[in-house]
Every structure is written in C-alpha cells, then in structure tokens.
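All chains are identified by letter, namely A, B and C, in their written order; residue positions are counted from 1 within each chain.
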Amino acid sequence: MKPILVFQTDFTYKEGAVSAMYGVVKSVDRELEIIDGSHEIPQFDIWSASYRLWQSMRFWPEGTIFVSVVDPGVGTGRKACVAKTTDGYYVVTPDNGTLTHLKKEVGIISIREIDETINRLRGKNNEGVSVFHGRDLFGYCAARLASGIISFEQVGPDYLVENIVVLPIQEPFLKNGKVYGNFEINDPNFGNLWTNIPLSIFNQAGFVYGDHLRMVIRFNGGIVFDKTVLFHKSFGFASKGDVIIYNNELMRVAVAICQGNFSQVYSLEYGPEWEVDFSK
Amino acid sequence: MKPILVFQTDFTYKEGAVSAMYGVVKSVDRELEIIDGSHEIPQFDIWSASYRLWQSMRFWPEGTIFVSVVDPGVGTGRKACVAKTTDGYYVVTPDNGTLTHLKKEVGIISIREIDETINRLRGKNNEGVSVFHGRDLFGYCAARLASGIISFEQVGPDYLVENIVVLPIQEPFLKNGKVYGNFEINDPNFGNLWTNIPLSIFNQAGFVYGDHLRMVIRFNGGIVFDKTVLFHKSFGFASKGDVIIYNNELMRVAVAICQGNFSQVYSLEYGPEWEVDFSK
Amino acid sequence: MKPILVFQTDFTYKEGAVSAMYGVVKSVDRELEIIDGSHEIPQFDIWSASYRLWQSMRFWPEGTIFVSVVDPGVGTGRKACVAKTTDGYYVVTPDNGTLTHLKKEVGIISIREIDETINRLRGKNNEGVSVFHGRDLFGYCAARLASGIISFEQVGPDYLVENIVVLPIQEPFLKNGKVYGNFEINDPNFGNLWTNIPLSIFNQAGFVYGDHLRMVIRFNGGIVFDKTVLFHKSFGFASKGDVIIYNNELMRVAVAICQGNFSQVYSLEYGPEWEVDFSK
C-alpha cells in the first residue's frame, strides 16, 4: 500500500486553504490516504510544530509521510525539504526548525531540498503565487512521493544533516536530590504543562507515586509558584481542582489541575524562560 | 468490509493526541477507516458524550464501532469497556456514564471489560503511561476489534448490563394541557437549546405549527424567561432575531433565535436544573 | 473510482451533526470517500460559503462533488439543488447565493432541483424533521449521486441557470494610475484581508514588487486607513509587525501584517462597504 500522508499546519479549517491543499493531493493520486495531524498548531510556532511531530510520529506505520507547514518565511530564502528519519518516516516541511525534536530525539539520516522546477504544482493560475507552499509545493511534492511518481532521491539535491536548522533545546538534570528542568510545551486544550524531565530522572531522584513534592516555578528567574504538590500516575488521584504532578503520555513529568486548567489558573506558559524544579 | 471506526473525544485537534491515537489504529491495520465524530466534546462532559453518541449512531451502518473518550477518571478504577447495542453497534469507552442514553433509548445487549493484558498497546515506551487510554487502550482495542484480530468475546470478560454506570435522565410529561420538560442539551455552535420533550407530547397537547405558545423557563425553580413564542417547523418561519420553538433533528422540541444565539442572548444553559414548560 | 465528496458547512464539530450527516453517506455506500472542506464557515454567511467553494474547487479532481450547507432558510421555500459547473464539478447546496462565485468566475452549465420524493432520507424517525437538510437531503442526495444510484438527471427537474440566486459582486478598476477595489473576503485565521483586485490590474498600473504604495481604506465612504505600505510577493519581505501588500494564493491583491493580524490590529472587515485604493 502507498504510505499515508499526515498533515500538520497552522492554517485552521476556517477557510478554504486545507481543502485546496488536499485537492492537490487527490489530483496527483486519488488513492492516497490523507489524515489530519492537526491544523491548529499555534500560528508561526515552529517549536510546537517540531514537538507535535515527535510526539505522534512513532505511533504511525513506518514509511508514513508527514507534511508540516508552519512557515512564517514562506516565499523567502528558507529551504523547502524532505527529511528521512532513522526509523523510516518522512517529513515534508520548510527547514526552519520544524525538524528540531526529530533530529535530536530520533535522528535524521538524509535530507533533500525540494527541486521546484519539477516538484511544484503548475497550471492552476498559481505560477506567480509565493504564499501557499502548503498547496503548491509541500502538498504536491508529498503526494508525488507517496504515490511513487518520484523516489526520495528525486525530491531534489541532498544536503548535510548537520546543516538542518534547529532551535535550542534545554536539558534537565538531577543535582543534590533536586530535579531541574523547564516547561517545554503545553496541552493547550486541558491547560496542562509538560516539562522536559523524563520520568527516569524522577526515579533516579527517588521520587515515587504518592509523594508530595515541592515544585518551584520561575519565569525569567523570578519565582511564580512554590507549593508542595501530589505526584501520582494520573489526574484522578487528585481531588477536583487540585494541582497534580504526573507522568505524561511521553513518559515525561507534567503538571495539571484535576479537571481544571493549570496554565490558566496560575498564568503559566512554556518556553526556555519557564524553569521548574522538584524536591522532596 | 471491516467496520468503520468513529471517534469522539474532548481532546481537540490543538496538539498531537488525536494524531498519535489514529496512528495506533493504522499501525494495527492500514485498511481501517477512521472518521471523526467530534473531538470537541466539552471537557470532562460525560453527559454530552453520551448524548452525542445517541444523536448520531443510528445514521451509521450497522456494525460501526464508536470510540468515545471523555475520561476524567483515566488511570483510576473506572472500567474500560466495549458495549454492544441492541441494534448492532459497538462502543469502546470508559464505563463512566457515557452509555447513559444508549442504554435507555436504544438498549445495550452485552458489555465486556477490556482485558489490558492482551488489548493494550505495548512496546512504544508507553507501558508506564496511565493518562492516555485513548491511544493505549481504547483506540488500540477498537482497532483490533474492527480488524477482526479479536472477536467481541475476546475483548475481555463480560459483566452485567444492569451494572453499567448511568447518569440520571429526566422525563417530560403532559398535565392539564401544559407540557413540562427540561433543556437536556444544546447546539453549542448556533446556541439553540434542546428539550427532552418529544414532538409527540406536543401533538398530544394539541400544539400545532403556527401556534404561539407561552414558554416559561426556570433555573433552580426561579423564572428566568416567560414569553409567548411562535412554534413552527423551522427557523426561517420566524423573523431574524426572533425566538422560535421548533421540532429538532431528533423529533424533540427545541428553542432557537432565528439567525441568532438563544442560549447567549438569554444566558440560558442546559441540565437538570433548567426546567421549561409550554402552554397555549 | 467514484467521485470524492467534499463537505462544507457552518455546523462546526462541536456536536453530533457532522457525524450523523457522514453516517448517512456511509449508509448509502460504504465505499464513498468523504473529505472535510470546512465545517467552520461563519454562521449563516452565504457569501463566505460561495467564496470558499470557488477558492478550492479547481484544485480537486474533475467530477468531485461538493456539498455546501450554509442554510439559514432551511425548511422554507428556497430551492435545494445540484449544480454542474462548466469544468465538470458538482455542487449540492441550497440555492441561496452559495453559487454566486462559481456562476460568475467558472460558469454553471446545468442546475436541477432535488426531488424530495425520491432523494430524501426516510425511515430514521426523521420524516417530520425540517431543520437538518444537510443530513436528510443534501448529504443523502449527494451520496446517491456519487455512488451512481442516481444520475445527475435523476436528481430532479432542471431549471434555468439564469434563475440561480446570486449575491452582488463588486468590480475592481484602474483609473488615472490608481487601482480601486474592495475587501471581498478575509483569511480569518491569520487576519489577512483579500481584495477583489487581480494582480493583473496592479501590473497594468505599473506596480511592481518592492514598490511602496499608498493604500487608502474606506468604510462606508469614510477613511479608516491611509498609509504607504510595501508591496511584495510574500509576508517575509516585511519586518515582523509591519503591514504588507502581497499577491495572494488566488492571484489577487491582499494585505497582511507580517506574523500579525491586520484585520484585528486596524479593526477592519470585509464586505461591499469596505473599499480600498492603491496608488504610487
């Protein structure tokens, strides 16, 4: 079977862009299977695009082709590319930092710049358009790749994996019984915040489910939260409305309010400036 | 053909959860057809999850498998189950009240608890995860069932239908020419409110399209709306901005503002505390 | 292969309506392929529905069947129809202005009123329902057409293309070196505003990428914006936060703020009362 195409953008479904993009795919090959990853990545948020790819990719069949279009630099000099991961997935994307987590956590074994002279949609009164590469370039090229019309090699010339654009990633650590990290992403629907701390570091620190841990959160160095909070394996072990530290779906430490919105209630966000440490 | 999988959750598409869940399904069996029911059920709102299943189910082909994940108790003691309805559909869901309407309005003929030792996803660094049963348990088990890898009997041990967790449902009635009910759900997009009153009770009361009916709405017993309003078969029979009582898509009495938002304009919601009566 | 069905409505995914509608399609024919165009067309906004069809249609394979349900007059006298375009697409829709852009920009060669006596869903306790033609009429009829159960001729009686309901469309023009038009639609996600001015008129006026153009915006005749702004081929040529005039995905002139929301920042909307002119 031909590989599945999973799309991720910041376009939303509010207008006709996704429809046009998917129409291009189906015009290349009616048999191709298109699935929405998300069209609600926060606008221009390359970091989130990168994280969401990593979050979901390994649950898909090997060979699945991801198309990620969070592309504030569309029409400018940034490269349009197709990357191949060490575990056999493909990502069609602007090379603007979207490959950050995959490169670090999974590995990219090869990357090619899309040759616009052969892998760009033409003939739809769109030759002069520079603002919709999701439709004219990424969607079209991905469809040709999925369909077998072109091989990975025919995407365009390869370039060095070390030249892939990446955003800085912070590293968590354990020191003197205290675990240090930062909030690296959120669960925007439920308002949970996810740290960059693997559960394994909590294990090393001797923290176990049922413990009450002191959690200190800093924004640009200033303390914005300092409380002792239950650490457990799921939300339901806290009372409704209580803060809880838990092990998230990616085996990393996260924080929620049971049936509430932690991020909103405490006005907390994610990013390198949001540090957090845990101690007994 | 293998049964369709229709998914309903409160996850939204804002991050990578739905993508990971669907990836699991496709990794079990590439042929399976996945359709979004809704990923915008209000958070933790088991009542809405229950209602939406009943609202849409009978329009699908017999044998369709619904996966419903509104699951505030994930990782705690609540049962994970697969129910079979009297009319031949399946629902994969936490047994937390989500089966309320189907049990009452359609009937459940058999229910089985998912055996996690065989029907839980493994090998994706997710063995220690307790917060994402949509991906690791419900989605995975549903895919195995749809694919024919397991039979309904192989889901796990059955238990008594009478032990299914249900939420209380109120009953409408006719008394002395007046019809009593409550707002049991909304149309959150358009702001319409739907009562639990079947059109047949209006017929018994002698109310016909074109009548102007006195509608009294009470919140916790106090009157919050008392006006005489047109009853007709569709919105367009009222002038733009006017309130109208109509027969909704499920043959129940509902209230809207023509091209407006009834719920918002009058600050009305739904639930057992929102009573309504109609008289000529 | 059977034609694809692309759905566009103002229903959202917040409740069970889309699910019920798609269930009807799958109950007619399991093989049919359903793709979301958008379920977030602004409520009752027939103009947007019309525009979005035109925006995306030509990117789909010939023969694709679009189902558009923005239908404030549901259950009243407006016609339910299937239109065939000159380039071979079908649209199943209320004849309420939704065909405006297709009729003008593409051409309709034939239109038929849906015969409810044969192409309306029955037997689901829905005979008395007048408020959900998306499920009971448009979705059902479109599925029968896509499946080959009925031919286009069997939809129902044809009527004159000249009788199709259309909304007024404004025409842009060039006069004394100045280009006049209006904002005819938005990009609601990013806050860009799209004019009705084809790039070709800018070319005739001698405007080229890199020019700074005076842009005057009027609301009901009164000036609400008057600044000189860069005109270029994509957003990234402006600095973050700056206004930019660009050539949009449909080869029409549009206005954005680089990584910002032009519509929101300047409180601008679209419609016939929003005029704009450009000069050097």
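We take it that a residue touches a chain if its C-beta (ideal position, glycine included) is under 8 Å from a C-beta of that chain, and two chains touch if they have at least 3 such contacts.
None of the values given here were measured: they were computed from a predicted structure.
Copies subunit A and subunit C of the same chain sequence form an interface built mainly from non-equivalent positions, shared numbers / all numbers used being under half. When the CA atoms of subunit B are superposed on subunit C, the rotation angle comes to 120 degrees (nearest 5). Computed from the mean C-alpha positions, the centre of subunit A lies at a distance of 31 Å from the centre of subunit C. Those residues of subunit C in touch with two or more other chains are numbered 36.
The touching residues of subunit C, when paired with subunit B in their complex, are 10-24, 26-27, 30, 34, 36, 43-44, 72-76, 124-126, 128-132, 135.
Interface residues of subunit A, counted against subunit B in their complex, comprise 1, 4, 6, 8, 35-40, 48, 51-53, 55-61, 64, 185-190, 199, 233-237, 246-251, 258-259.
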